[in-house]
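Before anything else, here is the set of structures, which you'll find just below.
In what follows, subunit A forms one complex with subunit B and a second complex with subunit C.
On to the complex of A and B.
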């Protein structure tokens, strides 16, 4: 429960700062906002693999502490997060390229 | 004998061709390469059309709920065929441009094929992002990057909504497979508003991609800046693929009582705004962008009909072909052109076929596509009236187009532009596009009855699930036997 509260707080902070930055007029802040929003979404995706009894074991090593199959977090969202990180990185890179090309 | 793994070739072969385009090939070499791709994929499309559909590809051999599943049915087959047909002239025209542009364009094609075939919501997200990034890079040679940035940001907003929605779906249903979601949906969504809101946010992302009013602000601004060679393809295919994805989603989970009126409202507004823009905007390309918007509105209205697959089957294919042909024509002409009636009978025949197909006059393809829509709107006369009003507005536009550009003595200005090799290629492109429309009209007359039968089959998601049961995965989900650590 303690760990869940931290994740929820982290998610809230990420979203709050991301939205604030995305609404900024400065391009670099908007990019930072986009990156933070990506982190928030990844965190949400991570939580989507967690249900019921597993909630209490977030943050503990899966095969050592959790022991039982039903306490092991679904690995699929973690694979999805990897893809989402790569996509977020690519979109950030493209937005930066556009900004640089426009300034030049 | 065609195998289910062949479905993956629709994504991998365009990527392979993209890699070959990095090499310093001549224009003829690039054209040969692209034509080989079209020929190979055409053979597969023909072979699939003779097989027992739907066909499923379980990527990596994982079970459908744990891995990525691609599915091919009659509607996706028609859409693949139409996409391939309009890809060929675009790639032909693009072959004289830089290798980078050719590479990027093949990424767009691969993403479009991936979107048509994928039945997994996260895989669709990945394909949407590839499409967004590749489309954005197609603009890179253009100097108006501010409008392009709006395009990318709009797509980012759509992606955020999309990801939030699929996270919620996965947490509650434990799957991102559209067929699985469809099977579990009725129990999950009963008497609850939130699941409907989640589907609404998925639809929001697709509406943004399809550029339906009022989320169309990026399309006329951005797509007018695309290189002329790919403008017909980009206007014809990606927006229609977004409509197709909305169909896939709503055929799995249903439009529900909440989405139905929203679709009717957005579809009608898009149709009206598109029709008004068609008549009021200056510049042929702007007119065509609004024509595209009005047709997207019609397609959103089709999603609210009792059997949308039956109407979409023809309307999507027809719309891809006609929008492609109109943009090819629009790119060849200048707004200042007058007296084109003197251009000769071939040019007039070609333009005649394109305009009459766009209007939907019998026996052209547009007529059959509209008949398949209107026969389902007998119980909704207002919808039928709206769709028919678009036909009348298209007639008005065609008459004005004829009166402005064709009737009049001044033809000298055009004659000087008809000499270069590039111009000859555009002429071939125009003839090819109108020939496709003529062929579609002939095929429509013969296959009209099939559309009704196929439409009923496509509408049944249960059919896909039966196929899953017939096709066991080669891998099993591992079962862990762990002992409690003291």
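On to the complex of A and C.
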């Protein structure tokens, strides 16, 4: 199995802190919590793409030159994450502006 | 079990959640405790009579006669102790007590019945934590907290040795199953480091069972309430160390080190414990010392080589658990009635409360080993084995001395404990004796159970050798106790100085205070602050998590066998991220917090690199920079609000929020793990994309997915991005204007060097971003990455030249271009978003150009709005305080 105890524990701590930050009363912590949550979920999505005997292809980028589809890491989660990163930034910005403007 | 095993997973989950539900919800009163302990006993009985299978395929539990003896003691005494505790505690304390008590009981049962080494270790640690909470019951008492911390630190230090031994042995034998691990093994003597394993096991068992020289925590732990002492220190916690010895005895018995070491430790503890007990006047502490003396005798049994020592050892343990918990509970009643725990201040009980004296009499007789009691048989059998064939003739005198001293002093202590409170004294008699009759009735079943055990051992009784020698010891003990009780005996005065030296824990205190202070201090404060006050829910959740991850369906979690380098890097990196994110909780300053979160983002991007996702690496790094710029800008704008971050005391107090975060993260990661556990899944998606990459004229499949295969998703995403920008713009423009002062009268940079230098660099960077965009179809890059790069160039252009750039047309134009590419095929009666050739290239290239423009316009626009606000405020002279 690709995901081992270290990864699971790391993701767990990461998620826990992110959610705790999201629940905080401090608005900076809320925003940072959102960013952290994005990171954690992106990593989980990426690791979900590793299935079966695929653990040995980790590190091979998804290019046609690799020759066979069994030899590359799954490109679909990567494409989803790529857009999610940019959207995450936009949403963080909106949250920040709302928080700043709200009390003006 | 025969047939298809469809109930196993259901039963597994039901067992876990049943245990959780019990500890969290039901375990609030005496009825629940009685019911569940009784159910446990019944289950053991069923297994013992062969109705249930003894080795359970689920949950890695195994029931053997040896284990079920301990299990029955733990469950059976729990019933009586919980009845006693119900009357001992006031109503408001009962709920807390029963929860902790049940938690501890479950941890002990887990240790006793687990077959997986990690499960065993989990139970071992959980019982240590549970005993910590119970010993430190009085939260306001300094000495209680100190004793609890001492007990915990000693047992946890020992548990590290246990972990070492377990891991080493399991590596050696290639299994994690305890029953396989401890089965006899002919090659055991040939293994070079087997002494290390034996020493580690000694340390683990000695710390848990409080054997000499780790005995000091047990008498200190007597600050706990009486029910706790009666249960933890007679039947459950201290038995675990002996249990460990008995578990490993079949494997290690052939080795001389095990044989001599264990017998030596046991005999020494037997003698020293009883001497120290005799020198005590505090009744509970004296009982604690006799406990370690009795455990020493049991330990000696496991060091002997004869086959039937198990019988003697378990019999000793049963009789000890029965008489010792009875004595603890009687002493609790006695000291409550007499208002004193000191043996010197108790007297005249015979006139006040005869039934209590009778009760104590039976228990003390069992402790001495007088004929009608169970203690008699067990002690006789133990002595028979002790004085039987021993390894070397030289050790014979040692055995004789230790055994005689131990027997003599134990008998003397027992008679003292019985006679001193019962007999009248010259002091004035206490007027009233407050006690609860029901509490006493809850103790009576113990001696009755002891007599009932006779039914099982009747045949053995006639075969027992019955040494007269032990009788001599009891007469000697009786005489000694009478001598000590003389009004002018030195026993009534001060203790000898060497007594404090042996019974104290100076060396441990020194070790804890000076040699390794940091670790223990941290541990101490962590546990004291977090657990004693509000951490009980966390305690239970931790328990659940540990059990949950130890079930067979999660065994692959511990499989570290086939690492590749990347895999190792990813594991370490993600684990580090988890640890680093925890350190975020300690950062008080807002600006440091922003930088720290940004640092975590960069580590995430390294993870992407190790995973083999260069596009993600580029995007993540660029977006991380953008986020850093944005948040620093935001921090600048809202600084008055944010400076208060350090003083937010509520952050560490919100236990409910912690529980919510914990539970949510736990559920999320569990779901993630379950989804990943199915190894049969194949990646159909990458096959499809790979096969059709030729038709899209590209080789970077990630980019092909974004712009060709799943262009509709991307269209939606750039729409969201643009809308975010327009929303922010609209929101900011509705703010009261800050005086409409132009940002700068001249459109020139402040420094005369910046202008000429920046312009060529900016143009080069812009070209670079275009190149990133252009090559995206075949190499890492594309519209998103190129667009982000361009956004930084545009933003810095804006900041350096202070020239107002309108980013809206850029973003809107890009969005329009993307929509046009999607809609144009409809014109010629083809499907929406169908690919077509244009004079500059395939339509997907133009679509990617739309993405490029939208991302560039939106990202730089968003950052521009934030920084315009900053500079606008500055211009007006309203510098934020």
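As a convention for this text, the second predicted complex is superposed on the first by the 83 of 104 C-alpha atoms of A that agree within 3 Å, B and C clash if a C-alpha of one lies under 4 Å from a C-alpha of the other, contacts with A are read in each partner's own complex, and residues count from 1 in each chain.
Convention: a contact is a pair of C-beta atoms (placed from the backbone, for glycine too) under 8 Å apart; a residue touches a chain by one contact, two chains touch by 3 or more.
If you're wondering where the values come from, they're calculated on a predicted model, not measured in any experiment.
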First, second, both or neither for A:23, with subunit B first and subunit C second: second
First (subunit B), second (subunit C), both or neither touched by A:6: second
First, second, both or neither for A:37, with subunit B first and subunit C second: first
Which superposed partner A:85 touches (first subunit B, second subunit C, both, neither): second
Partner chain in contact with A:14 - subunit B first, subunit C second, else both or neither: second
Which partner reaches more residues of subunit A (counting touched residues only), subunit B or subunit C: C
Residues of subunit A that lie at the interface with subunit B and also at the interface with subunit C: 44, 47-49, 51, 63-65, 68-69, 72, 74, 76, 80, 83, 87, 90-91, 94, 97-99, 101
Residue ranges of subunit B in contact with subunit A within the complex: 66, 122, 125-126, 129, 132-133, 136-137, 140, 145-146, 148-149, 152, 156, 160, 163-164, 167-168, 170-171, 174, 479-485
Subunit B-facing residues of subunit A, complex: 34, 37, 41, 44-45, 47-49, 51, 63-65, 67-69, 72, 74, 76-77, 80, 83-84, 87, 90-91, 94-95, 97-99, 101-102
Complex interface listing, subunit C residues touching subunit A: 549, 556-560, 562, 564, 566-567, 570-572, 574-579, 581-582, 584-585, 590, 593-594, 597, 600-601, 604, 607-608, 610-616, 619-620, 623, 626-627, 630-631, 634-635, 637-638, 641-642, 644-645, 648, 650-651, 654, 657-658, 660-662, 664-666, 668-669, 672-673, 675-683, 685-687, 689-691, 693-694, 698-702, 704-706, 710, 713-714, 717, 720-721, 724-725, 727-728, 731-732, 735-736, 780, 784, 788, 855, 858-859, 862-863, 865-866, 869
Parts of subunit A lying in touch with subunit C, wherever the complex brings them together: 1-21, 23-29, 31-32, 35-36, 39, 42-44, 46-52, 54-65, 68-69, 72-76, 78-83, 85-94, 96-101, 103-104
